[in-house]
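Some structures are shown below for you to check.
What follows is a pair of complexes built around chain A, which joins chain B in one and chain C in the other.
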Partner chain A sequence: MTKRGKALAGFALAAVLLNLVPTLVEATDSPGFYITFMFTAFFWISQAVSWNILTGYSGYFSFGQGAWFGIGVYTTGILAVKHEWPFLLALPVAGILAGVAGLVLGMVVFRLRKLGGEIFALTTLAVAFVLASVARLYSFIDGGRGIFMTSTPLPEFLGDFRTAMFRMTFVVAFLTLLAAYLIFESRIGWGLFAIRDDEQVAHGLGVPVFRYKMLALGTNAFFSGLMGGVWALQIGFVTVDDVFNIRVPLFVILMSVLGGMKHWMGPAVGAVIIYTLTDRLNSAGLEDVNQIIIGGLLIVLVLAVREGIYLRLRARWKLALATFLAALSVWTLADLGSSVIWDFAYASLLTVGVTLIPTRARRRTEVRSEGPPVAVDEEASTDRGPG
Partner chain B sequence: MSLLSGTDIVKHFGGIKALDGVDVTVGEGEILGLVGPNGSGKSTLINVLSGFYRADRGRADFGGSDVLRLGPHQIAAAGLARTFQIPRPFRTMTARENVALSYMFGRSRHSLDSARSAAGEWLEFTDLEDVADLPINQLTLHQLKFLELARALATEPRLLLLDEVLAGLNPTEVEESIRMIRRVHARGVTLVIVEHLVRVVTALSTQMTVLDQGRVIAHGDPDRVMQEPNVIKAYLGARWDHA
Partner chain C sequence: MNEVLNQAIVSGLLIGGLYAVMSVGISLTWGALKIINLAHFSFILLGAYATYQVSNSLEIDPLLALLFVLPAGFLAGVILQIFFEFAKVDEFQSLIISFGLFIILQSITRTLWTADFRRIDGANNPYESMSFFIGDIAVQVAPLLAFAAATGIAIGMHLLLTRSYFGKAVRAIVDDPEIARAYGIDVRRVAVILSGLATSFSAAAGVFIASYQSLTPNMSLGWFGIVFPVVILGGLGNAVGALGAGVIVGVAAGIATTQWGPLSAPLVTFLIMIAALLFRPQGLFTRQGSA
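Our next item is the complex of A and B:
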């Protein structure tokens, strides 16, 4: 089986298994917030992974995630509530409108040759501010009154609200990851990495840089908007301040940096870790110190593993998997945590910790395997020391 | 038969005329030496022809289209490639991946899978096989310059513009590079070489164009061109006018 075939089979398997979760939770009479926990994780996975398609792959740093997300939220808000469209009909429009907005921005900023990366970042930030003002000003969008989503009818086959949220966020997160993977493992992905390394040279070697950057930005905005469209339901009462703030762009950056921006999976791993942590800290009543802890952790981890946690976990996947399963079963069996989510949080933290500990020894072996053979011998002999 | 024929190419930078109506012709199978004192417009000409700078005036016909109106990737697709004086590899990729990338894009599209194996051919040709899978920062300047060449060749060009491939190399490496340039030419690639070492260009090229202050001051047979009074004057200054 080819590499891509295996990966796609993995995707299919994950899809089938995860789809069983709501049924399983119900059958075992587990608390419903397990499902909420999972679909919120799906939300962040989708946001972080889609952001990374633009910023991680092409190197164009974007603060625009809040804008695409916000367009999605308001699109389903307006269409499904104010115009009473069926929700599932409004949802794709959310993604498409966000995608189109991304492309319009791209038309402007990517056409101006002289525009550097910093200007791009600031422009994307400005888009969210502009959209916030527009939404506040015009009553056909918001007009400062907000939109109540709570009584939006959902099709019955999706199940109750929680299950419906799970299914929808799951599909969007799944599609986002699939797109991230397919781009990563294609000519387009390589072209984007070349743009990240040296755009001018890439262009000269035949990479259609404008088209590829537009594609990355459009994909980013589309999936972010699509997830935003679903998320409007979870927000319940949609207001400008809740939607167009710095929270989403900031968190996707943290998640992606932590997980690793050089691989399509990195941001997903970062998203799960950071979301789990914030969720647990909140549930332990530590909302106030939440940011401090997350910030501190990020500093430590970024300094310790520059390539991001995901690549580190993958390099030591046997150790990581063993630690995770062991920790999870110990915690579960000994009934240490008060819920499965706590068990999961402890086990994840421990796994990350364990894979990080022998950093120094690892780095030395890395150098050895890369360096010329002579250097290896020299180093090995000095390692043995005198005698 | 001319492969590239540029007429009246003008490029300003503010008030400075870097190229002031340059005519340049490269015949199929030639090695055109492009020389001139510092600031004469050699590098600007390379940058204009490869689409990195947009010319203010003029045209340059290559393979049925005017490359001055095309973007860099379209120029690469037309079969015109270049190297950089200071090597600019993709730093997060290995040498093999660098070459594979340019094979994938370049003159014709190739799939990701075919590119990985095809890259080997160019790495072998440029003697980079041993370092092909090392991180880029472990390559020497000489190897990086050959990587520039391998990457340009992997785009399968008909015309290759070499911007100072010999600069910064020691005499042994210069000899190796000259042999490499000859081997590239022997594969049927037409070359334009920009070089400071006039002796080397004179020995390598079949035709020579001399630029001075953005204008062509001489063109023709390498040995004869370098004897022309205005070329001597441009290189050595007016004092040698009647030498």
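Our next item is the complex of A and C:
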């Protein structure tokens, strides 16, 4: 079986397994918030992984995630509530509109030769603020009144609200991961990594720089908007302040930096860890310190774990897996945590801690065989090379 | 209608001075030190809250708070730059790190002063609604003072950068830090002092804001949409350009407010920024090739 075939089979298997989960949770009479926990994790996985398609692959740092997400939220809000479209019909429109908005921004900023990455970052930051003021200004979008999503009818076959959210977020997260994987393994991925390493050289070697960057930005915005469209239901009462704020961009950056931006899976791992951590902090009643911890983590991570946790985990996967399973079984059997989510949180924190213990051999054992072959010297391939 | 427009232009001109003070710190560190410091937004906010606190507790004129806020801001900038030098951050890392710092300081501000609106007690604050008339046009005193400060900073920084040894060193570092170091310039010391100056300007902006506006921690998010157009329009590291750009953005936002309502102002300033990026990415006030 080829590598791609294996990966696709793995994806399909994961899809089947995870869709059984709501049934399983129901059958074993476990609390419903397990499902809420999981679909919120799917939301963050999708946001972080889609962000990484642009920023991790091409190196163009984007603060625009909140804008794409917000477009998605408001699209389904307006279409499904104000115009009474069927929700599943409004959903793709959310993704497409966000994607188009991304492409329009790309048309402007990527045309500028002199535009550095920093200016791109700040332009994307400003986009969310502008969209927020537009949404407040026009009453056909929001006009300062907000949109109630709570009575949006959902199709019967999706099940009750929680199960429906689980299925929809799962499908979107799955598609995002698939897209991230396919781009990562394709010629387009190579092109984007070349742009990240040196755009001038990439251009000189015949990489269609503009088209690839547009594709990455469009894909990022599309999936972020699509998930935003689903997420409007979970928000319930959509307001400008709740949607166009700094939360989504902040968290996707944090998750991707933690997980590692040089591999398509990195942000997904980071998303699960960060989401579990903040969820547990909130449930322990520490909302106030939560932001301080998040900000502090961001600073420490940028300086300390430059290649991200995912590659570290993969290089030492036996140790990681053993630690995780041992910790999980000890906590579950000894009944230390008050729920499975607590057990999971402790076990993953411990695993991350163990794999972060520095060793001398780390540099040499770091996985370099995977990903597109980048013919550069050793130093560059451990520092910048994908995979 | 014409009077309304004239009023909008004058008010915009004055508030443009405030925008310039808010932006000049970010512009200087970005242009000269290659550090994009989002924490400046927190320093503006902290400067404003410190002024509020000092003025209310000691029952003094808010502008006297400058005596305390300027050195505190300078110190914060020095410490931050020492940290950046120690960690050897590049431009992107500085962006992410200062973003983390911004989140932390934002959260601390909210914890200390809550999310409620805070205002300096009217008894200590003569500037709150002080204004005079030129013809039919009202001139508010607080933004006028900020405008004077912006002019002072612009002239002072211009002279410092063009006429002093320190300025020569800064310009050398902008051109090539390695060569500057080779010629015996203490790059780290120059960077630390410049960062301190930049931060004290930002903190001073907070003093002017506190002297006539209500404070809430989330107001710092709204400044992003004003400060970045000013920084980019003015040209990185250009204090005089920041003043000119502040005035342009202020007047444009003022006109937009009277014509299409206050919510349209961010849209207009953002479009100005895009236009500036398209046609003059080096800034309106920067000659080709100069720092």
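Everything that follows uses one rule, which is that the second predicted complex is superposed on the first by the 346 of 387 C-alpha atoms of A that agree within 3 Å, B and C clash if a C-alpha of one lies under 4 Å from a C-alpha of the other, contacts with A are read in each partner's own complex, and residues count from 1 in each chain.
Note that in this section a residue touches a chain if its C-beta (ideal position, glycine included) is under 8 Å from a C-beta of that chain, and two chains touch if they have at least 3 such contacts.
Predicted, not measured: the structure shown is a model, and the values here were computed from it.
**Student:** Thinking of the overlay built on chain A, is A:89 touched by chain B (first), by chain C (second), by both, or by neither?
**Tutor:** It touches nothing on chain B or chain C.
**Student:** Output check: A:262 vs chain B and chain C. Expected answer is one of first, second, both, neither. What do you get?
**Tutor:** A:262: touches chain B, not chain C.
**Student:** Which of the two partners, first being chain B and second being chain C, lies in contact with A:130: first, second, both, or neither?
**Tutor:** In the superposition, A:130 contacts chain C only.
**Student:** If you tally the residues of chain A touched by each partner, is the higher count for chain B or for chain C?
**Tutor:** If we count touched residues of chain A for both partners, the winner is C.
**Student:** Once chain A of both complexes is superposed, is A:302 in touch with chain B (first), chain C (second), both, or neither?
**Tutor:** In the superposition, A:302 contacts chain C only.
**Student:** Scan A:191 for contacts with chain B and chain C and give back first, second, both or neither.
**Tutor:** Once the two structures are laid over each other on A, A:191 reaches chain B alone.
**Student:** In the overlay, answer first, second, both or neither for which of chain B and chain C A:205 touches.
**Tutor:** In the superposed model, A:205 contacts chain B only, not chain C.
**Student:** Which partner does A:20 contact after superposing on A: first (chain B), second (chain C), both, neither?
**Tutor:** neither
**Student:** If you look only at chain A, which of its residues touch chain B in the complex?
**Tutor:** 185-187, 190-191, 193-194, 196-198, 200-210, 262, 370-371
**Student:** Considering the complex alone, what residue numbers of chain B touch chain A?
**Tutor:** These residues of chain B touch chain A: 50-52, 71-73, 75-77, 81-82, 84, 88-93, 97, 100-102, 104-107, 109, 111-112, 134-135, 138, 151-152, 155.
**Student:** Where on chain A is chain C touching in the complex?
**Tutor:** Touch residues, chain A against chain C: 61, 108-109, 112, 114-115, 117-119, 121-123, 125-127, 129-130, 132-134, 136-137, 245-246, 250, 253, 257, 288, 291-292, 294-299, 302-303.
**Student:** Under the touch definition given earlier, write down the residues of chain C that touch chain A in their complex.
**Tutor:** By the definition above, chain C touches chain A via 30, 36, 87, 89, 91-93, 95-97, 99-104, 106-108, 111, 221-222, 224-225, 228-229, 232, 260-261, 263-267, 270, 273-274, 277-278, 281-282.
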